[in-house]
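Letters A, B, C and D name the chains as they come in the text, with residue numbers starting at 1 for each one.
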Amino acid sequence: MEKRRGTRADYRHLLAIPTRWADLDAYAHVNNVVYYAYFDTVVGDYLVRHGALSIATSPVIGLVVETGCRFFAPITFPDIVTAGLRVGRLGNTSVRYEIGIFRNDEDAASAEGHFVHVYVDRGTQKVPTPLPPILREILTPLAVSA
Amino acid sequence: MEKRRGTRADYRHLLAIPTRWADLDAYAHVNNVVYYAYFDTVVGDYLVRHGALSIATSPVIGLVVETGCRFFAPITFPDIVTAGLRVGRLGNTSVRYEIGIFRNDEDAASAEGHFVHVYVDRGTQKVPTPLPPILREILTPLAVSA
Amino acid sequence: MEKRRGTRADYRHLLAIPTRWADLDAYAHVNNVVYYAYFDTVVGDYLVRHGALSIATSPVIGLVVETGCRFFAPITFPDIVTAGLRVGRLGNTSVRYEIGIFRNDEDAASAEGHFVHVYVDRGTQKVPTPLPPILREILTPLAVSA
Amino acid sequence: MEKRRGTRADYRHLLAIPTRWADLDAYAHVNNVVYYAYFDTVVGDYLVRHGALSIATSPVIGLVVETGCRFFAPITFPDIVTAGLRVGRLGNTSVRYEIGIFRNDEDAASAEGHFVHVYVDRGTQKVPTPLPPILREILTPLAVSA
């Protein structure tokens, strides 16, 4: 993981996610846990809205096998977060998403992380399965070279 | 609590709150718990943005003493919720907020509930305290006659 | 809803639920939202452990149609909550659960609330359906006369 | 990060954390986000119970600067999670905690991750500060050689 603090231009897709009162912890910061809720929201929103995921019926689904995040500066409520999304690696059976979390109008990320999906058959949820073609198609524009 | 299912026109202030993947429960509905996170978000957002609450420094704060919600129809992800807010009772030391939860472009509420704050001194958090004048001022436009 | 603050003896089943760091809000109290997560945990735990609910396969399921809570005193982290459960009304197609939230070793409830399930066919999720016999059987010992 | 799936013996302190209904996502698995709530619960519980953290008054506090998790197998509700805790690095101004998540009676971890605190003055929350002596004392027994 590189150490430079990214900016919005490092990402290919942006989604606004308002913070919630319940996101705050006892120090009145958005709790570290909640950043991961922003991560799977920007990913899931993109997949559903582009037709690559039906939560109820998709025969293959992505299971999360690894996530991580580095935190640079706090966020609070009622900030508006913008989540930036790019694809760091588009594999045969897996995708590595990279996410930047931007506070209000700031251009430097408040946090950056990753989120790895492995695709499996929904029934057995065991054996990795090739990414569905529609998924590969919609993710290609988000891919960055490493 | 009246039984009619409200519409957007029954509320005085509206706030868009996108659902999150983590809001869903095992039935792929937004979990009943999460509606209350929408409630305190629409209230807190209004108070902070109108200058009636500083989370770190306000000398009197509202403590939640009662909440309730009736659920009419499910919401899912990635729906956009609009939370409607009105003030059902503006008391001496307490406020009763009433909230409607609207799914995407629907005009009939998916859920409606209430949320009662009692104001207390931040230090002791015991004795009810008169509402700060700025709070009364910003809530008056949201008040409805019972 | 009666106004007396209940005690453990007012409930028929008890479940320990440790608080979590993320339960706290910016005032270092367990956020009001989280009490409802305790509510559906004590209900769901009881149903699954007594064989009345299989999250993946039950052909009829309970949908939450109403919840409410009154808050008497704050809870913090790392308190251990004990959730008390009783059945206030065992209807034909619905159940009203009543829940008390007890902090650490305290006998007086920190909060009390209710939670109403209406049973529906899992496929259509529309028409109320009689409670499954196993459910009625396991809830009868929790029922209190009104 | 090593790739072997750890066991309970790899950790120095264990804490039981029951899952909650609201932890489940739309696939009826505990959502990836929630594992991080288990992480900061096992850490915070240890710190508060051993006298190294007072949420309201500690003059220096730990801010989370990095977290990560690998997920090996799903957890559901009403599973009981046991969180295992060890200290991977006890620095001058920071601590790296390592956490294993164990499902029910299983000895192989369902997930393993890490959580890095940097200590700062509570007021400014900027400049890293030496770990308080009490913290160093209570964490030493949890430390493992790398």
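Quick note on the criterion: contacts are C-beta pairs under 8 Å (C-beta built on N, C-alpha and C of every residue); 3 or more make two chains touch, one makes a residue touch a chain.
What you are looking at is a predicted structure, and each value in this text was computed from that prediction instead of being measured.
*Asks:* So if I look at the partners of chain A and the partners of chain B, which chains show up in both lists?
*Replies:* Touches both chain A and chain B: C, D.
*Asks:* Count the residue numbers both chain B and chain C use at their shared interface, divide by all numbers used there, and answer same if that is over half, different if under half.
*Replies:* Because over half of the interface numbers appear in both copies, chain C and chain B meet with the same residues.
*Asks:* Return the chain whose centre of C-alpha atoms lies at maximal distance from the corresponding centre of chain C.
*Replies:* Looking at centroid distances, A is the chain farthest away.
*Asks:* Taking each chain's centre as the mean position of its Cα atoms, how many Å separate chain B from chain C?
*Replies:* 22
*Asks:* Where the CA atoms of chain C average out and where those of chain D average out, how many Å apart are those spots?
*Replies:* 29
*Asks:* As a quick test, compute the distance in whole Å between the mean CA positions of chain A and chain C.
*Replies:* Taking the mean C-alpha position of each chain, the two centres sit 33 Å apart.
*Asks:* Indicate the residues of chain C shared as contacts by at least two other chains.
*Replies:* Expected reply: 21-22, 24, 26-28, 31, 33-34, 37, 40, 55, 77.
*Asks:* Chains as vertices, touching pairs as edges: which of line, ring, star, complete or other describes this one?
*Replies:* Graph shape here is complete: every pair of chains touches.
*Asks:* Within the complex, which stretch of chain B touches chain A?
*Replies:* Those in contact with chain A are residues 16-18, 20-22, 24, 28, 37-38, 40-41, 43-45, 48-49, 55-56, 76-78.
*Asks:* Touching residues of chain D toward chain B in the complex: what are they?
*Replies:* 21-22, 24-26, 28, 31, 33-34, 77
*Asks:* Okay, in this complex, where on chain D does chain A touch?
*Replies:* Interface residues on chain D, with respect to chain A: 26-27, 29, 31-34, 36-37, 40, 55, 61, 63-71, 74, 125.
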